[in-house]
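Presented below are the structures under discussion, each in the form of structure tokens.
Below, subunit A partners subunit B and then partners subunit C, in two separate complexes.
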Partner chain A sequence: MRLRRIRAISMKETLQIIRDPRSLMIALLIPLMQMFMFGYGVNLDVKHIPLCTLDWENSQTSQELLERFAASSYFNMQKAAANHPDIKRNLDDGSCRLAIVIPADFSQRLNDSGSSTVQVLVDGTDSNTASIAANYARSVIAGFSTDEQTRSIERKGGVVQTTTPVDTQARVWFNEELESRNFIVPGIVALVMAIVGAQLTSLTIAREWERGTMELLMSTPVQPMELMIGKLLPYFIVGLADAAICLILAVFWFKVPFRGTLATLFLTTSLFLIVMLCIGYYVSIAIRSQVGASQIALLVTMLPTTLLSGFAFPIEQMPMFVQGVTYLVSARYYVTILKAVFLKGSGAAELAAPILFLALYAVGVSFLAARAFHKTLD
Partner chain B sequence: MSGAASSQIVVEGLVKRFGTFEALGGVSFTVAGGEIMGFLGPNGAGKSTLIRILCGLLRPSAGRALVAGIDVAQDPEAVRKRIGYMSQKFSLYSDLSVAENLRFFGGIYGVPRDRIEERLRFAIDMAGLTGQEDSLVATLAGGWKQRLALGAAILHNPQILFLDEPTSGVDPQSRRRFWDLIHTLGSEGVSVLVSTHYMDEAEYCNRIALINRGRLIALGTPHELKQQALTGELLAIACNDIGAALSVLQKAPGVRDAAVFGNSLHLMVDNAMRRAPELTDYLAEHGIAGATATRIVPTLEDSFVYLVSVSSHDAKETR
Partner chain C sequence: MFRRIFELLVKELLQLKRDKSARFRMLIPPIVQMMLFGYAATFEIFNVSTAILDQDHSQESRALVSAFASSKRFDVTKQASNLNEAKAAVEESRAQLAIIVPPGFAELLRKGQTAPIQVLVDGTNSNSALIALGYVGQIAAAFGQTHALDLAQRTGRLHGRPMVNVAMVERYWYNPNLNSRWFFVPGVIGTLTLITIVNLTAFAIVREREVGTLEQILVTPIKPFEFIIGKTLPFFFIGLIQVILVAAVGTIWFEVPFEGNPLVLLLGTCLFLLSTLAIGLLISTLCKTQQQAFASNFFVLNPMFILSGFSFPIASMPEALQWLTYLDPLRYFLVIVRGTYIKGIGIDVLWPQMLALLILGMSLLVAAMLRFHKSLD
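This part shows the complex of A and B:
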């Protein structure tokens, strides 16, 4: 292996990157776009659920209950419905996800028997959101019930016991505000690196074939390993620049806490980048057309990284078989590392296992990519 | 010229098959140091396949090829260091400048650092690109591109050059200039194997190999080939209906071969002086009047057409 040849190839590749606006655009615009798209688009928090009400009684008590809903940040009071068909229409067209119906004898029954009912209608199309919304509604009503009970006991001159036998004191660590963005944004960094990394190199060999420069290149003494290192080096630098863009956006724009060290982040990002660059390079050798290679590269990197890395969808909740498959997805390790580095401030020692897997992956993929290139036309 | 010791290229019984198609059917020849060997043949004759095997880009199915004394199939990398190659399609980087391209190939071929500037200067001067070092290759005209590609192929002072139809699509003056460069290289001891389909270019070669359907059908100096091919004398016939005249003349007495040449017919006959008047009369008898026959000096193209037609005829008979 000769440094001279690696240098010559890197130099040439760098000049070609600079002169090809398409590859520069892929390299710099896509990370920005994806960070914003996913940063704002993928939000698993259930907040501001649109709510409509139908109050048949319209008493002081019923209004008090509804005001509690209005005051909650989980709900967004839309409008008061006039009748049942009105509610059905609102749920049908999606302008409301939840409806509260208060019967005409609500406060009367409350006074008479100390117990009354409220109807809660939930749009169940998105089952996850529906069950969360129903739970929130239940807890608002429960709070109202407790206060109402206290008031009625006081009215009757009784003494209210103010202590609960067992009380839960839950404290959330690492993502104190339970902000889903805090755990999703670090994952997006992995997604961006996967897509951009493989995209960049998917063009590099295919371009030589398409422009007819490959045959001459193969007739020279260049070694497959020299060609690979020389070609990947400039894209590695571009990839690190992308990682920096992502990090800056995550910390300064999306305000995700960064508690780890830059060294751990740099080491693991480099490993993941090598994996992705080599996958793109391998695809480029196999496909030989720029358009085809770029699409295949997108497919083999984006799908597994989005669905199987645990970036937004928890791996523990997948069927056993699919969980097994995730061990083959390199992004799984990188996402684990990213979330730990960002939120927990973990260092290389705590993350030894996923870092080792990532390193093994990088060695394996680069070995395969280097061997895939043959200097014959047969 | 011959003799294994001074031979830079030795090819023995080279066969290349692509599936059931035989692109090369047992080709043998040698090229001496400083010799310019031309490969002449129609498209698909196997010229590019042969050159690609010699550059180590294709593996031979059978036979042996030694380049600079090294078996190409066994050690293609050692061969690649010692050769320069110009592929049929222009294959420098058009989004790089003249100097950037040359620097790239200088680096790839490992031209010593202290010599790179001198070699770059040499290649740029040779290509006539002085002052255009920073122009993008995409903006260069065809002739300049070809000379630049040649410059890139000889940066590392190879002793053997393979040029696959280097002048296709280049204007006549540029072709002429290109051949002057090839002759200069030959006089410096570089062996050049060049394929072409221009007949006039073949005349510039020291020796010519005629290749058709993957077989060598003739090999020799341009002068030898003309002698070898033409076992008779040539007559050019000018008349009205060339197509009809051709089929009539093919059966005429004393005609060994007949072929269309531009807007006339070339006939190979045993005796030009005697047959000229006979054949115009023969044409008139068959309804083609007003034909004229003149004796001509054979060109390489005549012998090429004759040899190809003979070899194709033979191939059909053995089938």
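This part shows the complex of A and C:
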């Protein structure tokens, strides 16, 4: 292995990147776009749920209940429905997500027997929004219920002791405001690394195959290991620059708390980047066509990074065998690390296990990539 | 004219037939993605790992703890013996949640006063945390209500009259068990079609341009218009086959019910394919190399994916982004797929989406054709 040859290859690759300003622009725009799209577009917080009502009773009590829904910022009152088909149509075409039906004997039953029911119809298509919306509706109705309770006891001359027998006091750690942005944004660094690391590399090397310049390179005295390092080094630097852009945007633009140390982030990002670069390199050697390489790289890096890393979907909720598969996904360790470094402020000591896995992964994949090229030489 | 288009079609199909790896890549990635999304994409919350600290050791506190333990939402993984243990469990991610019943809980309850319980939550995943907190509140409130009712009856505070209570009876339409798979699996059909078709179309034309065969084809008597049709028609059929394939996997493997009319979905798919082909074509006219095509695809497809409402509700986006979603064909197609799949609605409800797809597809196609002519000069 000669440093001079590595430097020569790196120089050539860097020049190629610089002389094609469009691809450089793209490499730098990817983190910007990912950050802004995900930072603004991804919001799992539910607010302003379109709501329609069907009040069969139209009494003072029923109107009071509906006013509470109108006053809540979680709901957005749409027009009142006249009958059931009306509600069905509204739920069908999506103009409302939740319908409240108050029965005709609502306040009468409340006076006579003390208990009454309100029917809440929820569009369950988007199951996540539906369950959150139902929770909000439940709390509005519960609030109304306790106030009615107090009123009825006071009317009878009783003394109200308590209206909420058990009070849940929640304390939220790490992401105190429960902002979904704080949970999504750190993971984007992993996505960007997967795109820049694996996709761009796989394309550039496959291009050499397609154009025949790879054979030219092979005829030089360069060794496989030198070629790999020389080719990947410039992209490693581009990847780190992208990570820096992501970090700056996350902290200064989106105000995501960063509680860990830069050293931990730098170490783990470098490891993950090596994994991604080597996968991209390996794929492009195995496939040798740009379309194919980009498709396979997408399949083995982007997709698992999005779906199997805990980036948006919690791993603990997946079926057992899928959970088993996630242990093979390097992004799983990196996303865990990212979230912990950003939100929990964990250091290298607490994260020893995922860092170790990531390091093992990096060593394994680079070994594989280096060997793969050697085979194709003979 | 038809003969020339037919000839080109034959050439394309032959090319496809001889390219084994291309066929493989057309078939396997969609199925893998479908499997991944079907199994991995879920926002449901079950068996949240929970640490419990009962500092009261009373009959009431034990009853409350068992109410949590018997719920399928919570999985008590740790019985903490002091506060530090409970905190450490959350801090070290061994539990997502710690429920603490403080001393004096039962006494307050018996006196008819408000008895607090404390919940520590790991908020890292804000969505799971929020849903889990909702369940904690529900279970605690139900427990409290039962207890208060019991107490009131025993002490005779209500003078034989039951306590006033308004109950909520909820019913989830279309997806009664709130299975998130029912939400994601139909969505994958749209997303996959978009990605595959735009990629295939853009790359196919750019490759001809890059390799130089595009010029060869254009010196034949074929007209650009015929070239476009002959070139995109195979992808149209590939798109249709893919939708059928993926929908079959969704219905048979993942058992997502198909409530609506398959013909409505077919019509929607054709309209949607119009847009995807046009986008692929448009990208191909703007790019000289496959690498550029890849990058452009990425910059176009990624926002379309996020803005479509595939997994992130459009209503929660900032206003400006919400307006942008109207330009996203996937947005309309997802309403059609989910509508026909889960809601079982027909054209009478879905016509605005169909119309939007038609208009979008047509304008994109015209733009692509104009650009294509220009890019040849």
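Convention: the second predicted complex is superposed on the first by the 361 of 378 C-alpha atoms of A that agree within 3 Å, B and C clash if a C-alpha of one lies under 4 Å from a C-alpha of the other, contacts with A are read in each partner's own complex, and residues count from 1 in each chain.
Keep in mind that, in the parts below, contacts are C-beta pairs under 8 Å (C-beta built on N, C-alpha and C of every residue); 3 or more make two chains touch, one makes a residue touch a chain.
Here the structure is a predicted model, which means the values were calculated and not measured.
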Superposition on subunit A - do subunit B and subunit C clash or fit: fit
Which of subunit B and subunit C A:Gln63 touches, first, second, both or neither: neither
First (subunit B), second (subunit C), both or neither touched by A:Gln78: neither
Touch count on subunit A, higher of subunit B and subunit C: C
Which of subunit B and subunit C A:Gln108 touches, first, second, both or neither: neither
Subunit B versus subunit C as contact partner of A:Ser270, first or second or both or neither: neither
Touching partner for A:Arg19 - first (subunit B), second (subunit C), both, neither: first
Subunit B versus subunit C as contact partner of A:Gly212, first or second or both or neither: first
Partner chain(s) touched by A:Thr261 [first = subunit B, second = subunit C, both, neither]: neither
First (subunit B), second (subunit C), both or neither touched by A:Ile9: first
Partner chain in contact with A:Thr220 - subunit B first, subunit C second, else both or neither: first
Superposed arrangement (fit on chain A Cα atoms) - minimum subunit B/subunit C Cα distance in Å: 14
Complex contact set, residues of subunit A against subunit B: 2, 4-5, 7-9, 11-12, 15-16, 19-20, 211-223, 375-378
Subunit A partner contacts - residues on subunit C that touch it in the complex: 21-22, 25, 29, 32-33, 36-37, 39-49, 64, 90-92, 96, 109, 111-131, 133-134, 136-138, 140-141, 143-145, 147-148, 157, 159, 161-176, 178-180, 182-183, 199, 203, 207, 289-292, 294-295, 298-299, 302-303, 306-307, 311-313, 315-318, 321, 335, 338-339, 342-343, 345, 349
Contacting residues of subunit A [partner subunit C, same complex]: 22-23, 26, 29-30, 33-34, 37-38, 40-50, 65, 89, 91-94, 110, 113-132, 134-135, 137-139, 141-142, 144-145, 148-149, 152-153, 156, 158, 161-176, 178-180, 182-183, 195, 199, 203-204, 207, 287, 289-292, 294-296, 298-299, 303-304, 307-308, 310, 312-314, 316-319, 322, 339, 343-344, 350
Contacting residues of subunit B [partner subunit A, same complex]: 52, 55-59, 76-77, 80-81, 83, 85-87, 89-96, 100, 103-110
